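Consider the two complexes below, in which subunit A is the common component and subunit B and subunit C are the respective partners.
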Partner chain A sequence: MDLNNPKTAQAGTLESMDCVVTITGPEKNGVIEITGSASARFETVMKKVINETLDGLGAREPVRVHVQDNGAMDIVLGARVEAAYKRYIGEFTR
Partner chain B sequence: MERNAVNREIPSRIDGYGSTDGRLFEGAFARKPSGYRAGAKIRAAIPNGSSKLSGSVKEAVMASGLKSGMTISFHHHLRNGDYIVNSVIQACSELGIGDLTIFPTALFDVHKAIIPHIKSGVVSRIMGSDNGAIGRLVSEGGLDSPVVLRSHGGRPRAVISGDVHIDVAFIAAPMVDRMGNISGRSGKSACGSIGYAFTDAQYADVVVAVTDNLHGYPISPISIPGIYVDLIAETESIGDPAGIVSGTTRVTRDPMRLLIAKYASRLIESSPYFMDGISFQTGAGGIPLAVTAFMKEAMKRRDIRGSFGLGGITGFFVDLMKEGLLQKLLDVQSFDLDAVSSIESDPNHIEISADWYANPWNCGAAVNMLDIVVLGATEVDVNFNANVNTEADGMLLHGIGGHQDTAAGAKLSIIAQPLLRGRIPCVVDRVHTITTPGEVIDAVVTEFGVTINPRRKDLLNAWSDFTYARDIPLVSIDELAERAGRMSGPMEPIRAADRVVAVVEWRDGTVIDTVRQLEK
Partner chain C sequence: MRRTMLYLPGNNPNMLLRGHLFEPDGLVIDLEDAVSASEKDSARILVREALRRGEFGKCEVTVRINATDTPHWRDDIAVVVSCGISGVRAPKVDNAQTVRDIDEEISAVEEKSGVPQGSTKIFCLLESALGVWNALDIAKASPRVTAILPGGEDLAADLRTNRSKDGVELEWIRRMIIVAARAAGVDALDTIFPRVNDDDGLRKEAGFVKQLGYDGKSVIHPNQIPIIHEVYAPTEKEIETARRIVEAASAAALRGLGAVSLDGRMIDAPVIKRAEYTLKRAGLDCPKEG
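Moving on to the complex of A and B:
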């Protein structure tokens, strides 16, 4: 893990019912930060979706996941996390 | 702790508000007035006496006799462009006046300039709507006393019945003459109607008009006569025109919101109230404006002529009148440039006070003549109770406006809104704050169809004959709540402390709900 060589990738928009997911890494420990309108009432569910999506993608390296939420449903959030993560590991390019 | 008629637990005593004994909400029309109107101190301007012109805002504050601990009032026709609240509070701070209760009709983001004066004790209490930054401060416990929220009709009722006594009223005057006759219709800071300020002028011990547009005596037409006005302060500008009126108010272009507006319009068109003489109020929000546009089309198609449009008036309503679809406009607040220029020039565009508009305790409130009102809400519960004060995170961010008054007065009150706002469900089992009780909400319209309050058996029984709503699904409120919950997923509870940061009064002065401080 090369902590001196950080990478960043992003997916999503700030349209209503969407979110912007920014993944930065590598990190020593995985971090999830959620800001935005629904974060006060859905944080636990959203964290669960993010972790499950990353696990499903076989992510091992700890990363920082920042979600700027504008009311995304789980299915949208999961898709944005997946896209951001795949960009992060270089599987997709913008 | 006692439960009121909408089953909310209300402390028997609220620090900074007082005892709630005998003041628990009992039902929308339960509490009746008694006794006599309160009154202001009698004062007289002597013939050839000293001038009312008192110089700057600061000099007028000094001349008014304002002292620490007093109550001062403001009105919000200059909206987010208002300079008056900030300059008066600044002057009080410089003069060492503190512990003030401010009694504005509403505060906006522009008033965040008074936050340092709240922290330093110049302002110790707010009774009025708090939109934006100040609402946030209140929710986090930034004020020692709870904010008191009243509707547009509840506020003048509180003044007239003596619940609130105003020591000094400050009136933003876009046009004033040397005797203090005030109009909002012209001048560089023109705002149209100044209806919220009328009761303050009549019931305050001292009335100060603050202007950037002084004329010789007399001006015409006059909205608030100088017989109530003690002092005139002059300042370079009373407000920022860009914040006072919006240039254009737009109909939503979101297809889902348009669908909701169409459903609401069809419900209205099907109802027994859709006939010559129909009156209605729709706010300036995206969906209500679209409802107005669809109703206009329906009125033309079926050759229906309405009687009056009410409330905050937009250019849309002005157009309806110009096209002969409405005969009169009753205007307590002119929202945009078209409304301001219409009230200036058209005698059928009538300025009304908040008392006249919505006070439950007078003999001619305009809301009682209303057929239809289209409203919004942050959430509605399965008992049709509506919350317009707190957001999904429990933050106090909005005032009541005319929500309670129009819902209570109109023959058909409709809440039109999407089932979800972002991920947040708008139909829930229990609303965080009850602003308006379900007994006065007749229908909820969402993208999933029309939901009628079971109390309105007449409408439910007639539904099958509602020709213009034939293709619209009729759904129950339980179905809506269940569907919303399924779509959003489980919500975590709002972390609120016990401390009451805001008291929500029903329009008759009883406590319908309280807002608790948020845990950080």
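Moving on to the complex of A and C:
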């Protein structure tokens, strides 16, 4: 874990029913931040989706996940987290 | 039925998850032109999740993959075919070899992912003069091919012209493709109508391709769907004639007769098939044989 060399990756859009997921790391501890009109109401569920997605991808390194939500359903949030994380670890070369 | 096949941008959750609510006959989830090169990876994941969710109403679900001259098409096939879709829409098909390459790739993914062999069909977009010229070979290149379609914009560019209001530049292309499709026993589907606010123009073009024998059109805006369905809806007279043909054929089959006549005219299998299709387009069931 090299805390002096932070990386950032992003996926998604601010279109309706979408969200922008930004992953920054490495961090000392994992952090999830959610903003958006309905973030307070669905925060618990959204955090669960994010954690399950990262676990499913085998993510071990603690990262900061920021979600700017615009009404994304669970499957959209999960897809954007997966894309952002794969970009973060360099699995996707764009 | 494939009267209307609505394009949905593969990286747009709103359209991707709600497009079927407009009740087209089919969906074409687009991973090609509607998705920028830098977003192909993210769109592919989103499309995979939408396909796994599988809430598309009664629509036939297809995905337009990227062309075989790009680095994306194999990844597209790997992801979408393993989800068990109806078919892939392959762009820029110029010759039979392209179809065989796609067929081979699909077969490998079907095998690996447990999807029934041969269940994923191929819709071939013919977007160059060479592709149109090879239409029959392309349509017969694989049993997976279920339809061939003219491309609009790319084809116009390859012909060194542009899309005109009356579509004269595509007139003979459309005639060539319908003949090739019927000769090969596959569907002919028309290209999109680009002017989304020109309802009269769309009605006229849909009427023209319907008369040529096309099974339907590609659609880029939900508002175009009811107009095309209206054009493809059979008239009362057509429905009545079709109903009488199907009933006469059923009655003859019950009596063990091979041939049947109605109003002094022999009715053979293609006539019965066409009548059944007319009833289907009218949303009516065919009477079942006893």
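Criterion: the second predicted complex is superposed on the first by the 94 of 94 C-alpha atoms of A that agree within 3 Å, B and C clash if a C-alpha of one lies under 4 Å from a C-alpha of the other, contacts with A are read in each partner's own complex, and residues count from 1 in each chain.
The rule we apply is simple: a contact is a pair of C-beta atoms (placed from the backbone, for glycine too) under 8 Å apart; a residue touches a chain by one contact, two chains touch by 3 or more.
What you see is a predicted model, and the numbers here were worked out from it, not measured in a lab.
A.B. asks: In the superposition on subunit A, see if there is space for subunit B and subunit C together, and answer fit or clash.
C.D. replies: After superposition on subunit A, subunit B vs subunit C: fit, no clash.
A.B. asks: In this superposed model, does subunit C or subunit B come into contact with more residues of subunit A?
C.D. replies: The partner with more contacted residues on subunit A is C.
A.B. asks: Quick check for you: in the superposed arrangement, does A:17 touch first (subunit B), second (subunit C), both or neither?
C.D. replies: both
A.B. asks: Given Cα centres, how many degrees, to the nearest 10, is the angle at subunit A formed with subunit B and subunit C?
C.D. replies: 80
A.B. asks: Between subunit B and subunit C, whom does A:75 touch in the aligned arrangement: first, second, both, or neither?
C.D. replies: Touch status of A:75: second partner only.
A.B. asks: Which partner does A:87 contact after superposing on A: first (subunit B), second (subunit C), both, neither?
C.D. replies: second
A.B. asks: Counting only touches as set out at the top, which of subunit B and subunit C does A:28 meet: first, second, both, neither?
C.D. replies: It touches nothing on subunit B or subunit C.
A.B. asks: Quick check for you: in the superposed arrangement, does A:40 touch first (subunit B), second (subunit C), both or neither?
C.D. replies: The first partner, subunit B, only.
A.B. asks: On the A-aligned overlay, A:60 touches which partner chain: subunit B = first, subunit C = second, or both, or neither?
C.D. replies: neither
A.B. asks: Could you tell me how near the closest CA atoms of subunit B and subunit C get once both structures are overlaid on the shared chain, in Å?
C.D. replies: Distance of closest C-alpha approach: 6 Å.
A.B. asks: Would you tell me the residues on subunit A in contact with subunit B in one complex that are also in contact with subunit C in the other?
C.D. replies: Comparing the two interfaces on subunit A, one with subunit B and one with subunit C, the shared residues are 16-17, 72-73.
A.B. asks: What residues on subunit A touch subunit C, complex-wise?
C.D. replies: 11-13, 15-18, 72-73, 75-76, 78-80, 82-83, 86-87, 92, 94
A.B. asks: Please give the residue numbers of subunit C that touch subunit A in the complex, ascending.
C.D. replies: Against subunit A, the touching part of subunit C is residues 11-14, 17-18, 37-38, 41-42, 45-46, 48-50, 52-53.
A.B. asks: What residues of subunit B sit close enough to touch subunit A in their complex?
C.D. replies: Interface residues on subunit B, with respect to subunit A: 391-394, 420-424, 487-492, 494.
A.B. asks: Spell out the part of subunit A that touches subunit B in their complex, as residue ranges.
C.D. replies: Touching subunit B: residues 16-17, 37-38, 40-45, 69-74 of subunit A.
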